[in-house]
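What follows is a short report on a single structure.
Which chain is which? They are A, B and C, in the order written, and residues in each are numbered from 1.
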């Protein structure tokens, strides 16, 4: 049997010792745990970025993995820490809604527990670093095979992020940029399948910029050309071939995007 | 038994092939070594950052791990490379003091060896990349179980970093910023326990900025509020909830911090 | 026997979920694969940087590793994806020349296959994320031991990057900066061994700056001094001790460098 996998997603940044401390705690409890870094460059305290990140990454993992997510502006407050099982994927997350976009992808309701069994925690628990003192040791114990029931009781309420707006009005779809990837590509919350229902040809508007060129992939156009396409997850995406659409359009998460068919 | 763990801490940066070359060398000698990245974003040649990093990260690891640290402005000079066993933790470090802050945490004196047994090194040894040619192969051989005695003789002298200043004067504690984490939080060299002895309420001064708000954790205040608190390691910390104290106060490592009780 | 190693090199950046998705896909197919991050900070779409990176990193790995390289400005176009075996090292690469500098280091001709066996791919294959849909699953299947013959037919033509210019003229060698490392050191395409044939003392010119100081390693000079030396790979390198030569000389990849003996 494969040794257990624990993935780590944080906003700690690569220069900080906090990720390293968490890895040490995990390996101290379960020396055969296999650590997989997902990202430590989630923008600081950006729960929305984390939510998008998890929705795009976690579904591809085998169900045996345990995913630790520490993007936690509320650390040390009374916000709970949750054990979540959604679609069979197991996560430890602060209760700030970072996982509900992922959870929406699965038809079955999630099982959600509030971490309470302090016997699995490092003592004393600091006020500012629950990643090291709670998340890491609980993940390590789970990877050793303890029953998730033991980490705390089931709960039925949890935080959610506001849904990004998406409306249809006068035959146009009005949504927003939901994510900016490392290339500056703008991924919107507008399903490409809904764009197709509007008719042809499509006109995409971001601010004062009108994008008429619709492609299957970046390389269909010359470098520097602004296009819309379907993202690898099936959403409307705006990109510049070999360029940075976010910088070019001065657009970021939350920027309004409109799609309509040309009259 | 778990396969051996080798951790890597460097200032090489993520875009460089040097970390990758070291990983290749290690796996070429010990194919079952388990590589754990601690950080490759130590600020270039910043031995003080490395020292703080190691002190905050290494103690959490199981003793079986071997820690490779290549923050080495003196590469190729006659500065020794050391094998250090402190508190049972084993490190390979350049002799520039990067490990002595960590070592101060353990009561027993460290065992320190100067790497000399060139039979464990890649040949020829380059003048500019000892990470690949000495650190990596020696770590790999240690992970195969060779006796540390074989890597070189014991030494009794080694480099130390200057202690950051910390003085008490007229009832005030005067210290400095010792570390800036990825959120811009300022960790000082002033133990929180010593602040408590000054009386109440505490006044923290950084440059011309006076910080009166003392909290247990960031989330006790509104976003944007400047506070002092106790760091996860028990030191006086200055932070902005969901903001960046380093930028806000234009403060960095070495910036003077004063704490006193209000009269 | 050691569990199989799969290394990952991309230009996705650390904040993006794309690397994480690839890791999930690999572990979903081969749960015992050992993932080794080489870099995810290759500058976006910079195939030349990737080429240099691979040439400096891959030769140190044991031959059993499978190297996945996704620096792929042509994703979704009809550019092939290649399985390459060069010097016994196995890579999956877009056909954009990123591997030919590595390949030039080995005397035997490479075996190159064009990925065609879609049975090993995730379905449906997106137009914009072949890393997840083709590279990752094929790497995972190779790590399970399938015969490389099964991934697609041998080909005899592939893309190459233009050679950086290197000429000898009037007793001077004229080359260029081939790579800038994380410290800002400038690695040129001029073999140090050829410099030695020019005579003594050497004069290195970058733009209007003349560099007379030649050293074995950085630490031979005071911090801030500009020097030339031999890189860890045997090329002429230009550096500033504890500084950044790239910023100091405003030089980057492609900047002309001239070496001659002083008259």
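In this section, a residue touches a chain if its C-beta (ideal position, glycine included) is under 8 Å from a C-beta of that chain, and two chains touch if they have at least 3 such contacts.
The model shown is predicted, which means the values in this text are computed figures rather than measured ones.
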Discussion item. On C-alpha atoms alone, could you tell me the rotation angle mapping chain A onto chain B? Nearest 5 degrees is fine.
Written reply: 120
Worksheet entry | Interface residue identity across copies chain B, chain C - same or different by half | different
Item to complete: With chain centres taken as the means of their Cα atoms, state the distance from chain B to chain C in Å.
Response: 30
Worksheet item: Counting only residues that touch at least 2 other chains, which ones in chain A make the list?
Response: 14, 34, 37
Worksheet item: So in the complex, which bits of chain A are touching chain C?
Response: 2-3, 5, 7, 9, 14, 34, 36-43, 49, 52-54, 56-62, 64-65, 181-183, 216-220, 229-232, 237, 241-242, 244
Worksheet item: Which chain A residues qualify as touching chain B in the complex?
Response: 11-25, 27-28, 31-32, 34-35, 37, 44-45, 73-77, 79, 126-129, 132-133
